[in-house]
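Written below as structure tokens is the structure these notes are about.
Lettered A, B, C and D in written order, each chain numbered from 1.
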Amino acid sequence: MTANGYGEKFFFMSFGESHGKCIGAVVDGCPAGLYLTEQDVQKELDLRKPGTSIVTTQRREEDKVEILSGVFNNFTTGAPIAMMIRNSDKDPSTYEEIRTKPRPGHADFTARVKYGGYNDWRGGGRFSGRITASFVMAGAVAKKLLNETLGIEIIAFTKELGGIRINEVNLEEARTNRYTNEVRCPDKDTAEEMKKRIVQTRGEGDSLGGIIECIVLNLPVGIGEPVFSSIDSEIAKMMLSIPAAKGVEFGRGFEAARIKGSENNDEFYVDNGIIRTKTNNSGGVLGGLSNGMPFIFRVAFKPAASIAATQRTIDIETNEAVELRVAGRHDPSVVPRAVPVVENATAIVLADLALRAGFIPPVLKGKGKE
Amino acid sequence: MTANGYGEKFFFMSFGESHGKCIGAVVDGCPAGLYLTEQDVQKELDLRKPGTSIVTTQRREEDKVEILSGVFNNFTTGAPIAMMIRNSDKDPSTYEEIRTKPRPGHADFTARVKYGGYNDWRGGGRFSGRITASFVMAGAVAKKLLNETLGIEIIAFTKELGGIRINEVNLEEARTNRYTNEVRCPDKDTAEEMKKRIVQTRGEGDSLGGIIECIVLNLPVGIGEPVFSSIDSEIAKMMLSIPAAKGVEFGRGFEAARIKGSENNDEFYVDNGIIRTKTNNSGGVLGGLSNGMPFIFRVAFKPAASIAATQRTIDIETNEAVELRVAGRHDPSVVPRAVPVVENATAIVLADLALRAGFIPPVLKGKGKE
Amino acid sequence: MTANGYGEKFFFMSFGESHGKCIGAVVDGCPAGLYLTEQDVQKELDLRKPGTSIVTTQRREEDKVEILSGVFNNFTTGAPIAMMIRNSDKDPSTYEEIRTKPRPGHADFTARVKYGGYNDWRGGGRFSGRITASFVMAGAVAKKLLNETLGIEIIAFTKELGGIRINEVNLEEARTNRYTNEVRCPDKDTAEEMKKRIVQTRGEGDSLGGIIECIVLNLPVGIGEPVFSSIDSEIAKMMLSIPAAKGVEFGRGFEAARIKGSENNDEFYVDNGIIRTKTNNSGGVLGGLSNGMPFIFRVAFKPAASIAATQRTIDIETNEAVELRVAGRHDPSVVPRAVPVVENATAIVLADLALRAGFIPPVLKGKGKE
Amino acid sequence: MTANGYGEKFFFMSFGESHGKCIGAVVDGCPAGLYLTEQDVQKELDLRKPGTSIVTTQRREEDKVEILSGVFNNFTTGAPIAMMIRNSDKDPSTYEEIRTKPRPGHADFTARVKYGGYNDWRGGGRFSGRITASFVMAGAVAKKLLNETLGIEIIAFTKELGGIRINEVNLEEARTNRYTNEVRCPDKDTAEEMKKRIVQTRGEGDSLGGIIECIVLNLPVGIGEPVFSSIDSEIAKMMLSIPAAKGVEFGRGFEAARIKGSENNDEFYVDNGIIRTKTNNSGGVLGGLSNGMPFIFRVAFKPAASIAATQRTIDIETNEAVELRVAGRHDPSVVPRAVPVVENATAIVLADLALRAGFIPPVLKGKGKE
């Protein structure tokens, strides 16, 4: 498969650069007969749109999506769905310096070497976080598909930011509140704290990382294909494809490495005829297949590499040590805007796996029209 | 791509079951002209062979590999390399009970649902850890290929086991010592402690998890393809395909989520004409591409689900609660035997990415003969 | 791989419909550093543009390409190259009838069944010959890549049209003359005859088929991967993906089935140090690999299914027999406009195989700038 | 996808060489719950077994299949099905000469160049027609799957051999008689003639080509995926992957290029509630999708390149002209033994496409047990 594409049955191809003409996505394999409008995609894009609050970058982008193909009379046709947003607020001048002075923590150096200097270096080009807009476009289709056919719900939220963590998450709160505050944390008080921490760190010209938790409800038993397309293999691949992600864990994850088998094993029981487990340390995955319990994982994001403070680097043409101060407009933390990215990227993986496992028919009968 | 296969240019297909006739691997895409003998594969298989020490399962398997195709006069030909080990010590009778009583923490339940009961349930069948022998067979080829062409070295070891952790790892020690003790921990004293903990836990009929760290040396700059075949995306996918793995992190990983950008960014400098970074918080990855620094990641393994203690589960045919005591022969911790699996699985990913990026020519000139 | 995409290393994704907003192509995997402008693509598109002569459809389309991504400062960057032409001369009203009355020889019936009626039926939608514009966009990139790196030349032409055939083709004439007449036949007299036959047939409201021959020069020895990606397997797949193609043959093709081995085998000899064959019955392919001789194949195209004459069909909603007269604007023969499609589609296959076999480096040093 | 593998959902991996240890196949993606025994595979293999009659090679091979994995209690489990036959009658000594003297019409020269001389040259190695035994193994599974779930029947036969052709084929005769004579021609008189021609040509130390026709019955409407996985694209690819195949055509094929649209278009009508076409010039394909009519195509095979007569070639190490007389054991025509290969290879393609289009469920309920 191609490097910029993901999936077997629900195939997603991403294209575009940070300061090129556009960011785009093509989805191939979405069943025909799903009601789909630009508004379905737009509402997800709006959740990751930059420039909307003090905690995000001040880059102004309308990010208005155009569906170019694959939809006819507001229903998917079974043909590839191409979508695109035009870049408008491009100011590459502020990036001129990084052409030869690679920013620490960015792909400037590695991309330059790999592509012999022909890469579009403006704002990171193809390696910019801005490409996640294409994840959201494709994911919006996947999310609607999963929801309309299987009732699947995907809820991600900021679990930890700059060291501030919510330990107890109320699922109902997460569902309702996660997008009601700028940091996308379901607990209002914690959200307030996180916001303060961001504002303070931004003032220092610095940045923060964090952890996003994602909970998927109503997955049927048996999603995931052995061995290399298990549900956790595929989610892991997808999450690490999001710029700035540095780790992923399922269920109890790294903590499971520290407890005993007798503590970690989830006991089966029957609840109103449905087989469930009393605990959910596995995070809803057994043998790489969904087991019907909530599917839970967490993704660690590093602090944004773009910081206002002066940093030391080298000039790659002279090999001399230099100082670099990247002007530009930065997110003091990518975490809040990564929340909808995680949700939609998850939807892409699950739509693909649900189709591969035969849970979604090849033609829908007008699903999704309200 | 097929679910039981991995890779684009260096393609690995896995087959076989725990108590079927064999475990096998086919590698397609290995360049012609690599010196390769059964001994090259056997020596890696021997490192994960069961029944060799008190800390592993007592299942006795010779795991003697036969190369079936793709090698002629001890050189790879460019044709698919099929390899196989026959299963010999099969005693499915001890598993009879689990046909209807799914073991907690295992794939018995999910596989039964997914395959309508037609799955080979003996010892977990296709979902057994035993299938990782196929990872090792394919990985042995990849490891030799990487080493002979690019001098790449892959060193994994037990970083943490049952809560006991080594914090400072001496690379030279890791290289030399990791396979000199049963727990595959480079630090001898810590290894001794870990072993004691395992023996004690085994006595309690329980099991332990742990964390494996993997360090890859001599990777050239630019390994990894954007976006979905970045080096971390692919390694994450592969690692989560190993049974019992529950998480993966790169460089500082989850810890990076708690520090600031100014602390996490790795400063570039020039060292004898080579561009390096002063710290290596990134774990050798920038923008999903290798940056020439050691590539470092960690994998969390849950405690083995197979424990000797009596557990509660259900009878899936009657939906009644039952008790289950799995006789069988178990690993009290999969971690020690997972160390060579992690190394060889890593080799598969890197061989594929190195070939994709053009770092290895399609024909070698008799490389690898001593 | 996705159904609407082709290739491993040089991946081409096609999207768009006949009367939707656009036709588009994304190319992933083109090496960085190739000089590429919209003009390079436009000149190939112009060769298949409708409405340019009496022998083609009167649909008026400018088919002006926009490169959306993957090119920076007129060089490819290594990122996906998205390209698009907007549809302008859409007049679906003339097609209203075919929504329920499937045209004989078209995909109207099969697409309706497959997609439950949600397919875009206007002008055949995704099944229209118009989608071959996307083949040309991607192929234009491939053609330039092959030519600049390996000096490969691809020459297709009309070998036979409506039963009129040129038997002796002068390669130099084919190279120079094929696009100098409307039927794309290198022999001027035969071209004149073919044109007359088309004009006459058009007058009768009927259509003609034909055979296109394609000759590829300067292929190195060893292009093609065994078994399923042999050069002939891949070309066969690609050619049958062109709407209206009904057959493909290599070298002597179907004729070879009628001669003896002693006649068909091509004798090897050495010509100025280069190994060649005295005859080229194989069409330049031995064991699915290019052998250094001209690579030759022919593609049979059926007469265009769209004809002006009244035809009998059924009403798919009532199952009643009906008569159908499709107004629209038709090509009396698709063959002339299929010539550049065959050339560019061939380029896509060969670029992919050349990259897979390692004949083209991952980064070019500014190749292709005049 | 890997070069030696085919398919998306029903994935087939081929391995092995002519004079290596074995020929093998792995099938990944066959639904669980299909009754399958070694006898199901053996009976198809027996149809292509060498050494069974005067019209085939005298190489003696038992070709006894062993199913290595993926089947449990005689039902498929959903896990990869690995199968293998051991080579027994290996006599590479007769091939020693071809190591440096490439046989005309064979892959000896191209394979040597491509693999730098490391290819297994014995009897053509990976490029031998013997690898089609793996097509038959995988195809036997596919054939049974298609037949048990959709009632699909695949009937191939020798349509033309050495210039002798049957024009009118009675389907019932083809079904019943095709394997009752050595040349696999349904018409007894023509079969007798063909056999005489073979025996005569063999006496002359020469070989013959021919054409195989394949008719598939009971395909539902809508098999095939646009654009590059249309039913004809995929069949074309598969057929050209069979050694010695030089062309493929669908329905009227090359003949369609010579008639008019009004003659070639197949008129729709309703027959007992089922939509059919009065003629079947399309060969059952419209827009790359099956239309419910018999799916018909023909494959041209060149005369076997291995002939007993002395031929001229070169010595590749000295570049000198030499004479070559290949002893060995040859098929005077590959056509008769290619008939079951075409059938089974067709089954692989159709099983894959049927699964992709959702016509076969992921779990069967014990299908196929008599």
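As a working rule, contacts are C-beta pairs under 8 Å (C-beta built on N, C-alpha and C of every residue); 3 or more make two chains touch, one makes a residue touch a chain.
Fair warning: this is a prediction, and the values are worked out from it, not measured in the lab.
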(message) Using only Cα atoms, superpose chain B on chain C and state the rotation angle in degrees, rounded to the nearest 5.
(response) 180
(message) Can you check which chain pair, A-B or A-C, has more C-beta pairs in contact?
(response) A-B
(request) Would you identify the chain whose Cα-based centre sits farthest away from the centre of chain A? (result) D
(request) Provide the C-alpha centroid distance between chain B and chain C, rounded to the nearest whole angstrom. (result) 45
(request) Find the geometric centre of each of chain A and chain C from their Cα atoms only, then give the gap between the two centres in Å, rounded to an integer. (result) 38
(request) Return the distance between the CA-based centres of chain A and chain B, expressed in whole Å. (result) 27
(message) Two or more other chains touching the same residue: where does that happen in chain C?
(response) 1, 3-5, 8, 14, 79, 114, 126, 226, 356-357, 362
(request) Within their complex, state which residues of chain B touch chain D. (result) 1-5, 7-8, 11, 13-17, 20-22, 24, 26, 28-29, 32-33, 68-70, 72, 75-82, 84, 114-116, 118-120, 122, 125-126, 362-365
(message) For a test of understanding, state which residues of chain B touch chain C in their complex under the given definition.
(response) 8-9, 79, 226, 356-358, 361-362
(message) Quick check on the complex: what are the chain B residues that touch chain A?
(response) 1, 3-6, 8, 14, 102, 104-107, 109-111, 113-114, 124, 126-127, 131, 160, 162-163, 201, 206-211, 221-222, 225-230, 232-241, 243, 245-254, 256-270, 273, 275, 277, 281-283, 286-291, 300-307, 309, 311-314, 316, 319-321, 356-357
